[in-house]
């Protein structure tokens, strides 16, 4: 027993010891230790890029450690690939769902461990097993539905069942609430509690501190690849966690003055837009944005926000209704014409829409204005002018490294976002659609971008902000619209509402119903 | 005009038109199936044309040196699989550009067959005659009106082609392996996280494309003729590729599209063979372009209905 | 210095194609040894056939002329994210159309008829390619399939036309000859071979395409669409217009290649005047890494191998060896990761040790 | 340096030819050797000459059309006789031949007017006429077939000659044999050739004449598959051996004889240049000896063929070789 005392990990479900993982140019995990007790919910918190996901990917065998040891239930094991992890009864629900969207729920769940009759896939057996799991953990799904037809919350359930189906005793959930409504989040927490009560161990990656407080037993905080703190949840508070996460006190709210609201600049009337598969995603939506205000659109991802943004910016066909900009009906205008009229756009997916990663920065800085006389003389690009302009922006927005010949792909996420923001602002828009401006950024970059958006507002620019982060919506918006299944559930101001009320609207309740119920 | 209507009716009431359709579809079906296997797992394979050619060549070489056409078939398939393995190696192991690798293999197949033809048979152009795979005689079924004429004396490869369609349908939609193939073609990352070996499944898909495309090629050489001639696949690999797309990447769809092409070609032959039509000689060029124009129209008109596997053509690189 | 040298080696834009070419020649040499031929004699003959005499060099440059253009055609397509396998069909239609115009140019002076010919050829190729571009944009049809189909259709159209409505007297399937004023002047003549002014057109095209890609708005837009169509659309660049445009320019270059054959070599539409130039364009674009200057060199490389291969036959090596060499080159360029692994693994070991 | 290299290489290439009296270079068209047509046949002629005389034989195959001029030039530089085949080479040869007045050129299937070029043309229609007549006489079904490769002039001459032969049989014997004709669209797709032949069989033809290069191999295969009572007719060379008993006969075009004669004239110093049209009369055109099928044909038909052959040779019967001539063709009165 004395010998074991030295390294008795038997009470821990998971121990990761001195884990080192190097990526080209980055030390993603620098001698990280992690101790997770059996049957607890353990949070790993940290900013994006702190190395949380990297650490968990090693536990799940998706990537291999450069050095370090892993113990499961006290015994050291090697995890070289997901199969090893599955054999060790570890399961992982990834931030981006790992679902094959053209296959059915059943097929996704059993993939890799299919019940068979000889060589044939035993669909009926699979269905039965899944129904049993559903019942036991209260996770209801339709076994034969095709994944791409299901809402995100259900897809997440499928992910969890998938893990349970593999007999996982240790569940890793990577930012599971990012795409959920507050109500769905609460449902998820219920499920997690149920799992815990049945003896499962849960590792919960997040950067939302109130969630940590709400559900976990203990917390490991990471920053820049290192562990900066291990605490019991009951012994800590959000402010302390935040300090450990970022290394200094954070301003959780942005300073902003009264809005000086001007004339209406954008009006959307009874808009109908279809998503890629031809189903209606925006269903008769009406809204209006004035100069000098920030209108925030809250909502769970996938409720038509993307389609709304694309319809306003001209990237998607409008089926019915109107988009009126500066008094002109621009419903059928090309993206280019809208830009020329003074519309800016910070897109939700910076790698898909915002940047041409194979272009050098100086080309990225003129995207959308490349044919402006400033950069283009007839058919020919004015290269010296373009480079001078890019040099200025790099300095003004503190893009690092400040080299305009670098390819877009060579920058970090935060700096890529800075390039996009810098570009859009430099074009001097009167109105700007800002979609998920801080997704995946660290707190420093978030602060910078929030301040920039506020200063734009103060200069009289109308801003339409779309974000999945309620905190962001609350701290930036002058008015909040809540979007659910392609419609506006109600309009509120941050001062007169609560996250609960907005959450209910995000789940499909209309404001007037809520208020009448109250009354 | 009446002569035309009469001629077209004549074509459709002639059982040989249907038999010819079967014969002309067979190599397309087999090669298109090859395409389905490869692309279901997410690897684009435009090298079908080259694999057919090498399969045709291998068939004749094997039959020539052993005197047994079935060994020829085996050799053809072996060479086809070898060529597919090169493609797999380039596009899976080394994440190469799949279309470019395919284009390279088409050239390689032409070069290798042309070159080896001279080295092995001492003369260019065509090989000596070899034993071909004996046709299947249905005995008294031959006397059944109409159908007897269609089905009598078909190459066993015709039956193999249709059996392969059924087999492939079952494999892809009803077995564990098929489920894994589809998952790997649509979301290799997801499959990987569940312990499915993406590379192995893709290798399987591409190697199977070698099996079927080379069977299609071997049909041309030892199924139909008993001889290899230079470049005898003559664009059928590309048509098979088109058939696979029109058939929405499914074995049965690819089969129907192949039959469509086979029928177009058989129709062309049969129509020209109508004594009552005295066609100007250069009108045959106008007939000749029909299958290609059909493809253009169908490919152009099938948007939305035809959907490639999501990760088709994208190499999977594990960090 | 050492750093600069290292940079040069590490630059896979140069390393990969050079490695591919050398490896393929090496493999071909092994094949030759296996069949009992002396590769030194064979490659000697190849060099002789490509550069040995004035006539050989002229012939080499004449072959390079259309290859530069088809190489540019395919390369420009790649830049726009399009795989134009249809250079052959575009070349045929361009040649056919310019030949037709060329036969009507008898009354025109050369300074009118030559530009008219060039333009017609380009327009022909551009329109043919634009069909594939349009099908991709409007109907979502993949250009690899459509251009292959359009190649076949072009061949049938050409055969139909030169066997009927546009046939020279005598029943031979070739068109009448174009007017003298529509022909390129010969720069150098050696025996029955000559170098036509078409080489200047091809070299001019290299410069024009370089400027187009690197210095113009259109080049910027086309590249943006090629690299990331979503971002391009977001930036107000029309994907549809630029895809069709890129396809059309690509086709125009291929059409011009066909016109070169008409104006500088055959003076009529004759049989398979495109040969395998469309497919060769793929090899050339890949070796040249889609860079116009690189493409010019790559075209010269391939034309040299082609010109030399005829002499190689006299040394007893089959013409198929050239196809094999070309196939290996493309294969190795496609698997550039393989090449890089192969080139650098030793160095890595040294570094890590 | 470069000069030495050139000299060395030239030496290497020419070395083999020293001490020989005559060097022959054969330049193929893009069809190349193995086309079962004029390239193969011409090469057979070159080899025949090489066997008989003190001649070294070489061949250059053209990869693409643009190679014609350089290949002819390269060949002309190092040889005494250059053999070129195919009307597609006509333009190229017209440019090369005058450059090498000391080299003799033998050209098949086209005409280049230059004193050092001897052109050989063939009246393919005459041979086709005879096999057409034979086919019409032999058919049990009243229908015969014709499968062409691509409708180029020699192939068209085969077609019209064949149809004229059938028509002549009909007129002279009061029969009504029909010709089903079609084109495969390619000279190198035997599978397509077979399919077209099967179509013609299914439409009632029992004898099919293929003038389709390698595609014609499919016709022979089809006849073999179809079994007794079905025949193919070969083309250009004696193809009877390819499927003994199923190839009724072959319409022969003796390119090999032409090439051989041409080389012979150079060897013997009688080369004159100009154009020679080979016909039935001089045996440049003919029917195969029907090694395997002779016994199947009734004697009187051979007699009739002989009479017709004589009529053609005597000029009493002019066989049409073009569409216009065929449309104007009237069957003359012939007494058997």
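Chains: A, B, C and D, in written order; residue numbering restarts at 1 for each.
Definition applied: a residue touches a chain if its C-beta (ideal position, glycine included) is under 8 Å from a C-beta of that chain, and two chains touch if they have at least 3 such contacts.
The structure presented is a predicted model; accordingly, all values stated were derived computationally and were not measured.
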{"item": "B-C compared against A-B, more contacting pairs", "value": "B-C"}
{"item": "Chain whose mean Cα position lies farthest from chain C", "value": "A"}
{"item": "Intercentroid distance (Cα basis), chain C paired with chain B, Å", "value": "29"}
{"item": "Rounded Å distance between chain A and chain B, as computed from the means of their C-alpha atoms", "value": "46"}
{"item": "Distance from chain C to chain A - Cα centre to Cα centre, in angstrom", "value": "47"}
{"item": "Geometric centre distance via CA averages, chain D-chain C, whole Å", "value": "35"}
{"item": "Residues of chain B whose C-beta touches two or more other chains", "value": "124, 281-282, 285, 288"}
{"item": "Multi-chain contact sites of chain C, meaning residues that touch two or more partners", "value": "156, 159, 163, 319, 322"}
{"item": "Interface hub residues of chain D, defined as touching at least two other chains", "value": "32, 61, 151, 156, 185"}
{"item": "Chain A residues touching chain C - in the complex, by the definition given at the top", "value": "313, 315, 334-340, 345, 347, 352-359, 363, 367-368, 370-371, 376, 379-381, 383"}
{"item": "Parts of chain C lying in touch with chain A, wherever the complex brings them together", "value": "215-218, 220-221, 223-224, 227-228, 230-238"}
{"item": "Chain B-facing residues of chain C, complex", "value": "31, 35, 83, 85, 135, 139-142, 144-146, 148-150, 152-153, 156-157, 159-160, 163-164, 279, 282, 286, 318-331, 333-338, 341"}
{"item": "Chain A partner contacts - residues on chain B that touch it in the complex", "value": "174-180, 182-183, 186-187, 189-196, 309-310, 319"}
{"item": "Partner chain C, residues of chain D touching it in the complex", "value": "2, 5-6, 8-10, 12-13, 30, 32, 58-67, 69-74, 87-88, 90-92, 95-96, 98-100, 150-153, 156, 185, 322"}
